[in-house]
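Look at the two complexes coming up: chain A is in both, with chain B in one and chain C in the other.
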Partner chain A sequence: MPNSDPHLARETDAVRLFREPEGGAGVAIRATLKRDLLLLMRRRSEVLNPLVFFALVITLFPIGISPDPELLATIAPGLLWVAALLAALLSLDSLFRSDFEDGSLEQLLLSPQPLPALALAKVAVHWLLTGLPLALMAPVLGIMLALPAGSYAVLALSLALGSASLSLIGAIGAALTVGLSRGGVLLSLLVLPLYIPVLIFGAGAVQAAIFGEGVAAHLAILGALLAVALILAPWAIAASLRISING
Partner chain B sequence: MSLRLQARKLACERDDRWLFRDLDLDIHAGEIVRVEGPNGSGKTTLLKILSGQLADFDGELYWNEHPMRRTRQDFLANLLYLGHAPGVKAALTPLENLAWYQALAGEPDDESARFAALSAVGLVGFEDLPAGQLSAGQQRRVALARLELIPRPLWVLDEPFTAIDRDGVADLEARLAAHARRGGCVLVTTHHELADTPALRRIRLGQGARDAEL
Partner chain C sequence: MWAFIHKLGSPKWFYGISARLSPWFWAAAALLIVVGSVWGLAFAPADYQQGNSFRIIYVHVPAAFLAQSIFVSMAIAGFVFMVWKIKVADMAAAMMAPLGAAMTFVALFSGAVWGVPTWGTWWMWDARLTSMLILLFLYFGVIALRGAFASRDSASRAASVLAMVGVINIPIIKYSVDWWYTLHQPATFSVTSRPAMPLEMWAPLLIMVLGFYCFFIAVTLMRTRSEILRRESNKRWVRELAGEVN
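And then the complex of A and B:
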């Protein structure tokens, strides 16, 4: 019986069907980038919300405090940074949530591709459509706060570098809380302490630019924080997603 | 190399209740294994354990005679899992949804294959509509198109017949049988009665059943 023809045919088919793990990680990462960009482009409100929040907060401050340019210029760096940080935080909760709800996330976890790399792709899209627009918008809002002209470039650059770290760190929290129905508050509590170094050096860079001091040291530390986050966060995000899905 | 998924002394406890205990499974190529049981008897949990998604259980899993822990990458490259949630993005069209799954599976980007898969599940003419505008059954069909699109020997399907119409059910049943004939292996939970074929095996889970196997 084992040597009968149908059995043999079945064996060869099985061999063809059986697959060794193969590459294709690059293709999967590109496809994930493209898919997430497309998704966010189709749900523009999700992209616009943090930007509108940022603009609203910064518009209200001169009205609420005082229109005095000198006073505003002193608090502007911290104000812009805090508002941008909170805007980025607001958008984090949705990073993995819709994927979790419609079952895409379990498919992502079951793909034979490296999960940290796929998670990094998702975070990259989040930064491209949240952190980067916030950084580009900040100088415009800086004008409203009478920020001295020489510090615009530093403001944008510090926010671009810093918000990338914020996205990476925040994604760990988002991954940990994705299984909870109301994880928003917990997410903020989890990641805010980790945001503080970024905030200190980010706002510090703008402050230094205003006082005409060297900004290189601040920006270098922001860059170093980003480098550390880039190396460690993808693995932490992947592990957090596994914990959330297993629960 | 043929495929074989084994479980030894599988046990899972949820909320102080044993869903199953001492469950031994041995699943070979060419088999359709139907997991049966009333609601809440742990069918989905068993499928999630067997597809390596849950770590919270007792017992051992073996993939091709090797402990699952060490062959996970190899296992995932051969697995196609379809869960309760279809995993279809409402804002994307069926074609875009499938494009992502194709890339995620490490398959080459092939638009004609995606069209073929969609036509196999009867979605011709709906390729470019956002999936959110499709009916629940059609969305499920988008998910089922992955069975056509991505060649994998081991299918783990959790309630694949949900929301599918009668013709679709017959089609899907034929597809499962064809997959088993080709040397694939299907692990399925469903309340739909599958036609008896030599390839079909049943595993019954009951409320705290101990000797569930066969």
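And then the complex of A and C:
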């Protein structure tokens, strides 16, 4: 009779608690995705603020430079890309901040699942609720900046592709600075130089679309940057999170 | 091999060996830089297009070489520190960063000064100037991150990770800036299309580059030695050195 002893029964319960859940890392990744999505949907302002910031910055340029549509049209690709990049940067600081403050980041580190995969799940949620909405919103702001016709789809596509790289690279900086009380400005100092290649090819794709050149090369390089970031960034994020938690 | 690495990891051993090595590097640096600058500034022939203004190359190019090499060395030192936990590597990396930033600034500044006679302006969004500027920001990021942590161990590891991330990105940034520049190239005279340099011009340049590298090694050894003394000031061997313990 193996289960007759109550002590033994309790021990098997305890052992079950510490055992890996059925399904392994896949379950953990799905749970992280679900949890982060739910949390962000409940704090809508965190999702909306970067979008409002994006629209506001774009509003500043015609006021600061000139309302002349011809002039605006020539600088619109760069303006839209820079403003979207800054909006994505603004949202990075909160990527790990609340998890760090309430201790759930420590639990994530303690879990028996691979930390790079869990970090990748968190970054995916960040992109889904920041980068993707920015990319979808950019064509509307493009109309307001008199962006020439024919480049709207490329603008949205390049931003969707590029902002995924931005989220991945930015998460390294966010993970490095999450333990610091005033990490915000430092975060932009660390991350912005690394954003430059994405900006070059993202804005370049829109320029090429306006001039009627092929955009495939630009988009392919954006995709290549994303592929490299997808492979390397999760490890750097995981290492940075461990540094921030232990220190 | 492993015994050597373990020895290298000991700050005391490094302190001893670097004391014997650094005079040689100082001497080599002084000799090479004096010979190179006198030869380059006074005896090398003037450029047929740029006249004497091209002589700024003897400062500009070695500084630009060092600016990039120091970042790579910093990342390698960071990697060594992260993998083998060799503290001396981290001390060296911390000491290299300000020198690298200074060299990047020297390269940028001499490039700007050189721009006045050749391009007629202090600043051009030239591909190489732009990637140097980005490199300067990368240095600032590493230095600022190291300064932001209260705990030294976290600061060291964070700076190592950032240096490694930066070194992977440097070639990507370099090539994308080149691409960007060729797409937007303004109509100016380019210094890149000059004919190859004659021997009398590039020999002093080579000597200057070697001199700058020796200078870098000598400065890093010296600064790492003082950092060892600062961090290990509670250790017995340092206190014996200072005459506090007999």
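Definition applied: the second predicted complex is superposed on the first by the 224 of 247 C-alpha atoms of A that agree within 3 Å, B and C clash if a C-alpha of one lies under 4 Å from a C-alpha of the other, contacts with A are read in each partner's own complex, and residues count from 1 in each chain.
The definition used in the following text is that a residue touches a chain if its C-beta (ideal position, glycine included) is under 8 Å from a C-beta of that chain, and two chains touch if they have at least 3 such contacts.
In this text, all values refer to a predicted model and were calculated from it rather than measured experimentally.
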item	value
Partner chain in contact with A:S111 - chain B first, chain C second, else both or neither	first
Touching partner for A:P148 - first (chain B), second (chain C), both, neither	neither
Contacts of A:L38 with chain B and chain C, given as first, second, both or neither	first
Touching partner for A:E101 - first (chain B), second (chain C), both, neither	first
First, second, both or neither for A:N246, with chain B first and chain C second	both
Touched partner set for A:L189, first chain B, second chain C, both or neither	second
Partner chain in contact with A:P69 - chain B first, chain C second, else both or neither	neither
Partner chain(s) touched by A:L225 [first = chain B, second = chain C, both, neither]	second
Common ground on chain A, meaning residues reached by chain C in one complex and by chain B in the other	246
Touching residues (chain side chain A, partner chain C) in the complex	172, 176-177, 179-180, 183, 186, 189-190, 192-194, 196-197, 200-201, 204, 207, 221, 225, 228, 232, 236, 239-240, 243-244, 246-247
Footprint of chain A on chain B - complex, ascending	1-3, 29-30, 51-56, 73-74, 76-79, 81, 83-92, 96, 99-109, 130, 151-153, 181-184
Residues on chain C engaged by chain A in the complex (per definition of touch)	82, 134, 137-138, 140-141, 144-145, 148-151, 153-155, 157-158, 161-162, 164-166, 168-169, 172-173, 176-177, 179-180, 183
Partner chain B, residues of chain A touching it in the complex	10-11, 13-15, 17-25, 27-28, 30-32, 35, 38-39, 42-43, 98, 101-104, 106-113, 245-246
